[in-house]
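Chains: A, B, C and D, in written order; residue numbering restarts at 1 for each.
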């Protein structure tokens, strides 16, 4: 086949891009949509269940403790700042900023997760106990699963950046990692409200 | 290399296949009662109450480790009001069933014999009244209470609303209307 | 698999071409086969696997029909019958209909968008392996006497731990997990491909209707599948770790399961048939050799379909008892779907009316689709009405309705699509003569099977009964339906014969045998791994037709355009593609796609171990996550500097 | 083809037993629904035929277009044609919306009329409890002595509104008598309600319509609609305890019944048999069928059922009891005597 007469030359374009134009960014946002939909449906299902039951928690059961999960919000929300710094660093290819941001993110997220573990350990009901137990365990389990996954991913990125084994794709990875973490922070707030406050606020008249 | 993998996976598949056989058995047309076996079971478990010598059972439970039959046993346990004395296995009027030490032996054949013949101080004799296959189903269920059935064949929790009628009244609006 | 080249057109001596060939080459041997990430290969694997499932599902359907052929039949007992109708429904919905549409989309969308692969090729491969895992898992259950037997909808408490003991339901629920993860992978990568990797200038109003339909379908997948994730998790965790999500005794609610299930289940139907609408649009355009009438209306009604589909799930639950206002709302929303579908039908009819129709086999299937789908749509209006639904719900009327909608609305267009795109996939034409015979067998057999079911339903025959008494008077029509089912089976066999015969003996097709309009016909038949030597530029909505800018394209003679505009300047020494902007598809930056890799396969194996194991022992959730995490580390580990991809 | 279908439809209509059919209404609700059905049928049928005619016309036209080797049309003409086609599509869509609106209004008004059936007056309340795989019915009454519990067959007076109060003992079932009204699911942990009324006497068959496990196919029941006085008489008879055995053979049968395991599940009021797991048998002999509509109630069928219920209805919960042949005959006679 001969070269067509009408051509569009793209050789001047950048060979990569770290922004919302990258397909990977879109992929990550879509995955966030999937998980977000799932959590929203679960929250709706939880509140629906709450409204169907006259006495909550069911006789013999208690509300979960509030102090620790509320305190844990602080490191969680702050850790998003680390993500932001890291992703800015990735865009400007600023290695030290990336390392600082990622480490800040990792440390604060780890503190949050440690508090989560303590809270979980002292949770006053089992998933087998009744419907509240089932839901609270499911929320904690699913969110923790995501958090652990992202912690491992952040660790790997830190390893890449610190060891110098990184290029455009890893920088894009740092940027996308921040999107994931924003999502995990953002989604925890409605879950927190739903499982710790929702049943109280929906106290039936 | 490839053939090794194939033979390995074939072996694995065969193992899984065999493992699933008993668990998934659905004997929905059990053979009509064979009365003759009562005599056999009674003979092989000729033990005295409180006897320390455990007999070697020769009769095996045809419904051992079958999910369907354990579940049927659970239903019959309720239907024939075993729960009236033994409650949910914890015992009350009758002895508990969740335990390791049995007065009359805890092997399937012993349990079968206990149900068939009845025991002094309250346990009625069910032999000749309810069919043999149902007794074996109850035996399978009773043994599942002690974890003596594979967990994959045992229902994790009951699914009936009657398990705790008092809770039902309190918790579910509309059920009392 | 469509890898052997029979197309004589492309001279390979060009140095650049051989460089492209080398860069896009797949590995050899079984290792290479497992590492393939080319979208044609993956798409074809989806299609072939799905057709194997169709065959199995079809055999199950025949068994069901034999059992119901006359009253008090004892061909299958109640237990076996329940297993078979459940497996039939499950196979057709989860393992055939959705995946085959995904496969077609994976095969066609990158070519129609004028790019070289999907946005995340490895994720694509991973998705396929999981889908295959789901198929194998379910059928392992079927062949070891652990086929699910509680209906494809698995309503608790019947599907709960007490009433379906054993592992039958768990296998079903975990099979759902496999297919939902796979479907979500596909949806993600297709949306990213359609949004970011379209040919330059393919602005939103130039996207082919099939690609639009896939875009809508993928978004529906993204928002509907999470609901089935929840529903199947409710079941699995209730059954394996004794949670109480659907246990009323502890505050759970079996009706909540129905809500969640149908919040997925109704969009699921549209996930299946919206791509089929895309097939029909593509076939109608190409075979009536004319631009589609009312392109904007078509696009808007596709999108509206996607939205409305989420607002009418409750019409599956009218019999559970709802407040009046809810009933009225869901009746209205269910009827609304008839408007958006109606607009599309009118547009196709107008296109055919004024086109230069070439009555090919593909178009036969479109006409068959129109007859059946219109009827199915009208019975859908009946079901939307609460009083009528209360009578015909869960009867054979509903069975007739959804087979009209799903076989008529999805399978007929699919067959048409295969007749249409077979030349692209294999380089050879299918036999038109055999094709038309095939069509008539399917069409007559179909109506013979399913039309009588409307009457049976109105005369009180419930669904899912394994037998019925002679005094009910249902014998004759059931026998007719069974005879029809065998005629359909003959039609199916003829199709397979045609596929295999044409593979060897079909006429050589050339690049664009139908003189069609969209970009996939600019690629070689069968396509190269890289699709296009030079990425095309979409100069109009119908880039391969003359007079591209005079939209609406007139009745002028449709003809392929030899001197298309193309993209130059991409590097050929690596798998480079072009990323364009979302709305106007202006070139934005270049992007390197990852090559073939074994890691998706390894990861899929690890994930499968976790999934399958957790059915039997909950601790596999932990150990499965750990090995899957290790596999993902292997996947993402920066070996060379340029390897990172989800 | 079409004619064939019509012939088949006619055949099916005549052949089908009319005692379980939505198209043979016997009450005001099913009558309205059947009317609505025929309204839908004719309107939607007309739409179908019109669309099919247009489709066939495209087949002819499109073909002709292809064969005439038309010259290139000028742009203007093509533009006009395009506009015309689009307006036709628009008009058709608007017509669709209007027709659907008519159907929507018709459907909602019928739905409301059906739901309002019990709005006036105090209805008779029948509680229905679904079991795997049989039906328990209780006529509720403020006076406990007037509460009647029976199984698988009920009588209702003509012209009187009855409130069906549905519950389930195990899985979800669905109460459905096509000749009287649509279905209502019976859901564990909930109480669902539905009004029914029969306007003409008859025996109407109902069947479980929600898949409920192995014997979903054999879970039927009968509703006998009869004039008020006959109903009252039936009710009075049913409220009585079981008739005492009149002959030594019947007494022997009763003894046999009480000796075997029957009593763990079945109740016969007036005897010591008081099980509640299975159907109440106090007036068993008056019922038309055994095993929830599976078999006609004849001594032969009853014998087969008692000896091996699992061969007739595999998987059902009735135990296969080894009844000695000598004991069987009196037992059958006794049960059949419980009118």
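Criterion: a contact is a pair of C-beta atoms (placed from the backbone, for glycine too) under 8 Å apart; a residue touches a chain by one contact, two chains touch by 3 or more.
Just so we're clear, the structure is a prediction, and the values are computed from it rather than from any experiment.
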Just by CA atoms, which chain is the most central one? C
Set B-D beside C-D; more C-beta pairs touch across C-D
Distance between chain centroids, defined by C-alpha means - chain A, chain D (Å): 51
How many angstrom lie between the CA centroids of chain C and chain D, rounded to a whole number? 36
Roughly how many whole angstrom separate the Cα centroids of chain A and chain C? 31
Multi-partner residues in chain C (2 or more other chains touched) are 77-79, 157, 163, 241-242, 244, 247-251, 253
Show the residues in chain D shared as contacts by 2 or more other chains, in ascending order. 170, 188-190, 214, 314-315
So which stretches of chain B touch two or more other chains? 26, 28-29, 157, 160-161, 167-168, 171-172
Residue numbers on chain C that touch chain A, as the complex places them: 9-11, 119-120, 123, 184, 187-189, 191-193, 195-197, 200, 222-223, 225-227, 229-230, 233, 237, 241-245, 247, 250-253, 256, 260, 263, 533-534, 537, 539, 563-571, 576, 578-579, 581, 587-592, 625, 629, 633, 636-638, 641-646
Contact set on chain B toward chain D in their complex: 26, 28-30, 32-33, 35, 75, 79-81, 129-131, 133-134, 160-162, 168, 172, 174-175, 177
Under the definition above, what is the set of chain C residues touching chain D in their complex? 77-79, 82, 150-151, 155, 157-158, 163, 248-249, 253-255, 288-289, 293-294, 297, 319-321, 324, 327-328, 331-332, 335-336, 338-339, 342-343, 345-347, 349-350, 352-359, 367, 370-371, 374-375, 378-379, 381-382, 384-395, 447, 451-452, 455-456, 458-460, 462-469, 471-477, 480, 550, 552, 554-557
Which positions of chain D touch chain B when the two form their complex? 169-170, 188-191, 214, 260-261, 264-265, 277, 307-308, 310-311, 314-315, 317, 319-322
Per the contact definition, I'd like the list of chain C residues that touch chain B in the complex. 30, 77-79, 140, 143-146, 156-157, 160-163, 165-168, 238-242, 244, 247-251, 616-617
